[in-house]
């Protein structure tokens, strides 16, 4: 079986998720990759409330036969905002509103708070852990505030979130994950050392063709059947405005970029920050392309994803 | 010995401090009052960095002979802001730059993080604990974000901070404690249930006359000698613009108001919030005096302090 | 007839109005004072749309028998905001919703735009003209932008508007005139030379007792009957929350302060600016009481009005 | 001589300029085109102070032998901002710092203010006039505020300014013309009817190759020699970072797009607004690509310019 050159041999990874459909794909990819050691999954409210996030996360781990991975409950609301209307893009349950017959036992959730777990693990393996945050960055931000040395002890971070051309998906200028908790995004971009971001516009250009999807479905494993189930919510609307060209699994791109450099076609290291006060731009990532500020570059923005690479990696994961 | 009618019999209290001169007075008052049970002291960076705050706090506890009270290290920077120039109003060490002969053993600091301690104690005594935050509200805010039920389990809160007439002491419109961490103040005012605030303008009108101070000094106890020492930094400047009228011990007012209702001459329950985005008003507390918003009153603002009552309580504390 | 010592002999004045009930009182005072030469009245949308403002203004001039004073049409909307819901405090017509039998001939309005008239007059009498803006400051701001030397050529300015303790009357923190056009207030405070402000809080403390009002009504002149008519809208609600103590004629205070220094009991020269970006404080006047900024004092804030003086001046005006 | 199909037969145009090097090119194009009737040129402070703008404008008109076109003095500062450091990209005099031997007689400037001229002309030819603003939009904004019907009476507008991918050229997120006076840009985009914008990113992709420039220079007319002179400032730095690929004459693109539709390769009608309050995004144009707001599309954004078309039009202009 051909395989991209691995960039991360035995990488220690913590996933931070608000498990919706694309988080599910990312989790499956991480869990199925022999060179990735997932130390834990921390959950956060995002697309849906954390109670549902926990349930969805266990569902994904179960299909991966990895219920042994510790799952932690994190923040149930962003640092400032109070009430967000739930986002329906992933269904009411956040995972495609399938008719699940089996109940999910959420008693497996760890008693330790996600933020404390993040701090504990990072202190246990300083300089060794890669974070892959796929939801609002609330947990990471709280960890950075609780432990001032936290940022220095993380190895690197692959975030799905933000935008770099001012294109929004929840407001005119705001991408969901960063806009959901702009203060957390701000704290994270400025507090972590080696942050790589897969922003919204990059994901817009990285739709996977439906032909690829159809090929995945032919794999016929429990994982492929699970993916078929949770994505059927979208698949029936293949002519829907935003998914006509293919299936957009934003979080999968960040996970793939973390695991394998081959998934990254173009990237640029820049100074970027988050607008916190704008009337229409609150939550937007602002990029200093021409060094107008005196700030040091703090973020690597992935501007082009190799969709073939992502597609192949995920197919292997479904097979694995 | 005459004594004001106690409003708080055996009140369980946690102090949250950035120990400067007036925090010291407040701590002495709390430690000396037989009806106050101090469960712990949580520290936060404010006037000075938390390392100095811890040292100063232990110094105060020692003179009160209360080194048995657990002291916790909390946040060392506000939620958003990075670098604040240190405030010199309390001296370089934050406690009047005295020549201390004895070293302070900070190994007594608890290993548990202040925020986790706050959460643990509030869950141990739900509905029983009174908070008295005397510095930036970072610790409280983090506790509110870590435990979504935290706010409901606190009994009540007496904060020194904010302003209600737009008068600032660090910027045109910003009072030090709230302006130091406006997001934390916002989270606290909106997340806690029963918040009483002693704002800056109230403290401006509550200077204790130098005659009172001189009376305290005649008490001649270790505590009074300690107060004499740490305040000498100001006393030598009695003709200094802001202390001509008397000594202003802001935090002492909040502590006194918490212990004894007699210290409160006027108060009003209003809806109040914190301006987070203003160009010149960032950090200002904004009060909805005429119910322009539809929000429920969330803050009791103390607008007048009984200085005689505060002076007498503190004299008793120095004697006690 | 006893008379306060005049501070303004033959003062050349331009009134800038959004004629509601209290503007009417201010206009009557100005028109009736022998030492005030009103060069013109410029109108602006405020309480009501400028079409109604013009009509109301002519009505007041007519009762003063001063239809010879030129009236100019100015801005019909604030610099930024679009649609404001009309304010009902002065009635639907902005002047107490009386049943006026006579029609008002608005053809008397000058063809010259108010802003051009302001510029022309100030260039004709450089250093001689006093402005009394009693509505949003849109016209003044536009004049300042059209003629960069405008501010230097105005003698002085008495504004009714703003606040100095963060108390609002249209939002939590916004006073109507300044909040209606914060950018115009900003431009005016920073562009004019000698600005005296009568803010909302000062007016709150300057209610004229109903006994005074009753004395006015006994004057029995066309002017007093006119005032009786337009204020009857309020008078019938004497027990209404905000007018229980007396009648609040904000604009009258600014006009009185302009004409006669005796109306000013306390004032303070400070640096003040307008918050343009705040979430809850947009439009608030922020005062630098303790020189936190390095800015030069630009505004004289009147903090206490002599209500007896105002009451007497107005009674004389009704008589005159 | 081949010629693109004209989209604007006998179009009545008013140019609003802060004449720098690229404004000069745009003016030459407009003045040389037989189907464009330039009713006037209104000047505004921008790259340089309006005094220099007037001088530069007359210099360009003189070389075009069109000193008969009326030139008006407009706003000398943006609506809010006070002091901007001069931008050196066009030289200290704003026009390439050439050694001009002849003096410029600025007594030709009209006595009427630019804003009043705009209003007068638009009322004289309602629905017939095209605006081409090439500097900060202060004059247009003031005209919109002085005459509430102004926006409806303008035929259409071609603006050079703003950005649509969040890329700035004076700040991280701000393009010079819009960032110089964000309030004016806001008022203009919301107050004018048919606005077409050529934003910064479009200009970044529309550099004209130096080969084209060299072809222009072979025309050998007074106009080409003038262009050679004023651009020599840049030409000597052909290897300079931003002009390596070619010469970037932003304003020329807007003028060309106005005159000839062939210059427009791609455009999109969207709702766009200006961020006024952002910490890092103030002045950014925000585009609602996915109709997150309920607002009606108000701006046509040109996203791709036909550089060949622009190059050919300008060559004809230099010849003409």
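Going in written order, the chains are labelled A, B, C and D, and every chain counts its residues from 1.
Note that a contact is a pair of C-beta atoms (placed from the backbone, for glycine too) under 8 Å apart; a residue touches a chain by one contact, two chains touch by 3 or more.
This structure is a prediction, so every number in the text was calculated from the model and none was measured.
*Asks:* On C-alpha atoms only, rotate chain B onto chain C and read off the angle in steps of 5 degrees.
*Replies:* 180
*Asks:* Does the chain A and chain D pair touch with the same residues on each side or with different residues, judged by whether over half of the numbers are shared?
*Replies:* Result for this pair: same.
*Asks:* Measuring from the mean C-alpha position of chain A to the mean C-alpha position of chain D, what distance in angstrom results?
*Replies:* 43
*Asks:* Centroid of chain A to centroid of chain C, CA atoms only: how many Å?
*Replies:* Roughly 58 Å, centre to centre.
*Asks:* In chain B, what residues contact two or more other chains?
*Replies:* Residues 276-277 of chain B each touch two or more of the other chains.
*Asks:* Write out the stretch or stretches of chain A touching chain D in their complex.
*Replies:* So the residues of chain A touching chain D come out as 164-173, 273, 275-282, 284, 286-290, 292-293.
*Asks:* State the interface residues of chain B toward chain A in the complex, per the touch definition above.
*Replies:* It comes out as residues 75-77, 79-80, 82, 113, 115-116, 138, 142, 145-146, 148, 183, 186-187, 190, 276-277.
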